[in-house]
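Structures for review follow.
In the two complexes that follow, chain A is the common piece, with chain B as its partner first and chain C second.
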Partner chain A sequence: MSPYMLIILIFTLGLGTLITLSSSHWLIAWMGLELNTFAILPLMAQQHSPRAMEATIKYFIIQTTAATMLLFASVSNAWLSGQWEIQQMSHPTPLALITIALALKLGLAPMHAWFPEVLQGLNFSTGLILSTWQKLAPFSLLLQIPPTSSFLLITLGFISVLMGGWGGLNQTQLRKILGYSSIAHLGWMILIMQYAPPLTLLALTVYIVLTSSMFLTFLYNQATNINSLAISWTKTPMLTALTPLVLLSLGGLPPLTGFLPKWAILQELTKQGLTPVAALTALSALLSLYFYLRLSYATALTTPPNNLPATLPWRIIFKQPTTFLAVLITMSLSLLPLSPSVMAFFTF
Partner chain B sequence: MSLLKIARLPPLKLLNSIHDPHLLLHSNAPLTVLRRALSHNKYRRPGQPIEDKFPWENITFNFSKGLERIKKNFKLLKQEFSDRWVGPEGKSIINHMLEQNRVIWEFRGPESLQEWTVSSDEMIGGQSKVYLKLGKNDTCFLYGTLCSAPPRDGETRYSGYCAMRSKQPLASFDRKKHYDWSSFNTLHLRVRGDGRPWMISIATEAYFSHQKDDLYSYFLYTRGGPYWQDVKIPFSKFFLTNRGRIQDDQHPLWLDKVNTIGFTLGDKVDGPFQLEIDFIGVCKDFAHTEDFAYETCKRNPEV
Partner chain C sequence: MKYLLFLLLFLLILGVVGVASNPSPGFAALSLVMVAGSGCSLLAGQGGYFLALILFLIYLGGMLVVFAYSVAFTGSDYVEGWGTRRISLAAAGYLLLVWGGGVILSTNLNEEFWTVGASFGEFMFLEYNLVGVAHLYMGGGWLLVAGAWALLLVLLAVLELVRGASRGAVRVV
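This part shows the complex of A and B:
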């Protein structure tokens, strides 16, 4: 792609998210979401392969459906309450509709089926943007709107954790695994949103750090499925040693960073009297942990059949900078001891 | 003088669904005239069967068959549920990682032929014939006669093909299932032909309607003779075609959602042909590192 076009698209992507983040009017927020959608479409389609085009069109249809629902709900709210403020929504029906529209945008269950398929059709860098940056704008809106029916948010959250774990169990394609992992993590964030929004932000930030580490690791190894990940020890031994730890951090195991949001969320849910929900969610997280463990096992604890011990080293693009990946992996593994300061940072 | 057979017409209320008004008129004409009139407004391509039944006559209601299908589908669903706990595609992760060869189709009994379907230009009015049977050594034996005379329908100019294609694998309740060959990079066949060149076509899952005829193809040159031929074709060699035409925009074959594989003969040489297939499998060749054999850069770039 022409570098000028790339700059314009990335700028528009950033602009769209920032417009949504900083707006208090529904129409402006909707406009930011649309800018986001349209800016990422050429980035997704730049490969021109049939699967990339399929992913692009699926993403377009889903996002515009969600944006249309959002617009309809905000217009209905304006008609019923006479104002367009995001934080002043009072009528329950538009509120519920907006929640469902934003859930569709994010890929929360039961509106999650598109997300792994779309991710599978993209390359790792675009998939990374889709999994991280594209979540910011809808989440900012979800955090601003008054809490809707408690039952709706808890249902969306719990089903997402469950479906994210269940769907990823049988997968061998790494992008789809990361897609289901994303769905599960979004479920955790939605569960706690109405009780402790700062914890949602904390979970979102930790999720972005962990997912970015994984995407960049797979990008560096050029691994698209479990078998190609399993032979990555011949290409990047150091990264292969750290990858299982990042995966276990994604699974929420102490003493890694990923444990922090899950611990805080379970604690808060228990304080709110939702102990059964907390217990069931923790059990559902075991499903996700199973396929993270499977990936860790395949990556570092096996020696799969291979041609030569040092096979295919020329396939690694050695000029690719790894500084950012190193920082992300460090943050993914070692932030738990800093929990008090991290929590204080988010509970502003 | 024998009495003419008078057709018993269906009740009038059922005829309301027929849009051709002339059929509503009672007639003592023989049955064949009425039935020919059923489709006289639509063009019937030579080779297509005459539609001589009303749509409701094609319905066959069989309760026991329906029950059997329900049982079979629930059994498949239970299997899918339990396979998910074992590992990818029902195999443990160790098996999945250690697997370097997999036989997909092995023709060892008559039931293996049920997974395949044959077609030729006979369905567009041509004269080629193709048959599939189990060979002497429990192999798949595809044979027939190729005839490149085009059908005399006034629009077809070229003809002469015979093909064999695997059926789409189905999960429970007739949902589409796909083959995941992403752990492999080579197609391995053991065939015995008669020297004719065949085309192997792999169809992957397509999303857009204009991609429904997209096939990834490569040649299979058979050497006639008593010896079996082990053919290994890397998937990177398959090129994209649509309705037989090689596309300008080439893309590598994505192996995670393969639907069907087929063999086509269309070498414009009239006469009998035979192809015997022992097995069709996939394997991982670590020495083959090519991603795609053809250029993916833009041809005729704008200056």
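This part shows the complex of A and C:
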């Protein structure tokens, strides 16, 4: 793609999110979301394959549907309450509709079916933008709207954790696995949103760090399925040793960073008296843990019987700079001892 | 006047059903013209003449015309309208849905379903049609720039998506 086009699209991605993050009027927030949708479409279609085009069209239809629902709900709210402020919504019906529209935008269950399929059609770098940057704007809106039906949010959250874990069990394609892991993590974030919004931000940030590590690891190894992952140990021994730890951090195991948001969320849920919800969600996270463990087996814990294209050379050749990946992996493994400062960072 | 209102509303619903029942694109465009025509007449009758004019000009006269030409290029052998069974069944289903919705919503007939006019904060104006656009250009500031950037971006994104030959995304390379 022409570098001018690339600059314009990436700039607009940033602009759209910034507009939504800083808006107090529903129309401006909608405008930012639409900017994000349109800016990422040519980036998604960069690969010119039918699969990429299918992913682009699916993404466009889903996001436009969600944006139209959002517009309808905000206009209904303007009619019913006479103003367009995001934080002053008063009527329950537009509130519920906006929650559902934003859930569709994010890919929360039961509106999650499009997400793994769209991710599968993209290369890793575009998928990374889709999984991390595109989640910021809808979350900022969800965090600002007044409390809505608690049943809706808990249902969205719990079903997302369940479907994210369950759906990822039968996958061999790494992008689909990352898609289902995204659905599960978003479920955790939505679950706690009405009780402790700082924990939502904490979970979102930790998730972004973790999933960026995984996307960049798979990008470095050029591994798109479990078979390719299994023979990628010949490329960098250090990355091969660290990948299982990042995967277990995604699964939420102590003493890694991924444990922090889950721990804090379960504690807050039990404090609010939702112990059965907390217990069931923790049990559903075991499903996700199973396929993370399967990936770590394939990466470093077992030697699969695949034919190796090449063995590890004596002097390791670095194909790409891995500085950013190194920082991300360090953060995704070792932030748990800093929990008090990390949590203080998000409390507002 | 009542009969004119009834006719326009009837044509509106009929046109919406005609689009929703999923006929061939040419017939759907025709239904869309019916919807836009009756909807704009309703709007203009209630005082929103600016929006009605803009809709006719840009939506019908620009976007729908381009869409109709693109559809004419595709040209299909088996054109389906309301004559085929599948589409007439879908249209009947949607009409039933509209009727049912009307029955359910008409339980509280004392409510006012028709509002006209707007007042916004300290701006009490009777002429709300054009003032919004004027305010966007006058006091809009960076929002106007952002709006113009959004339009430019959509143009560039579409151009990038439909670029032909090896740089394009519509054709399989």
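Heads up, the rule we're going with is that the second predicted complex is superposed on the first by the 334 of 348 C-alpha atoms of A that agree within 3 Å, B and C clash if a C-alpha of one lies under 4 Å from a C-alpha of the other, contacts with A are read in each partner's own complex, and residues count from 1 in each chain.
Operating definition for what follows: contacts are C-beta pairs under 8 Å (C-beta built on N, C-alpha and C of every residue); 3 or more make two chains touch, one makes a residue touch a chain.
Just so it is clear, the structure is predicted and the values come from calculations on it, not from any experiment.
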item: Partner chain(s) touched by A:I61 [first = chain B, second = chain C, both, neither]; value: neither
item: Touching partner for A:I28 - first (chain B), second (chain C), both, neither; value: second
item: Chain B versus chain C as contact partner of A:L80, first or second or both or neither; value: neither
item: Which of chain B and chain C A:N227 touches, first, second, both or neither; value: first
item: Larger contact residue set on chain A - chain B or chain C; value: B
item: Touched partner set for A:P50, first chain B, second chain C, both or neither; value: both
item: Which superposed partner A:M238 touches (first chain B, second chain C, both, neither); value: neither
item: Which superposed partner A:L286 touches (first chain B, second chain C, both, neither); value: neither
item: Chain B versus chain C as contact partner of A:L41, first or second or both or neither; value: second
item: Partner chain(s) touched by A:I7 [first = chain B, second = chain C, both, neither]; value: neither
item: Set of chain A residues, in rising order, touched by both chain B and chain C; value: 48-50, 53
item: Touching residues on chain C, where the partner in the complex is chain A; value: 115, 143, 146-147, 149-150, 153-154, 156-157, 160-161, 166-173
item: Footprint of chain C on chain A - complex, ascending; value: 1, 5, 8-9, 12, 15, 19, 28, 31, 34-35, 38-39, 41-42, 45-46, 48-50, 52-53, 56, 79
item: Interface residues, chain A side, partner chain B - complex; value: 48-51, 53-54, 57-58, 120, 166, 169-173, 224-227, 230, 294, 297-298, 302, 304-307, 311-312, 315
item: Residues of chain B touching chain A in the complex; value: 83-85, 87-89, 93-94, 96-98, 100, 180, 182-183, 206-208, 211, 214, 249, 251-252, 254, 256, 286-287, 289
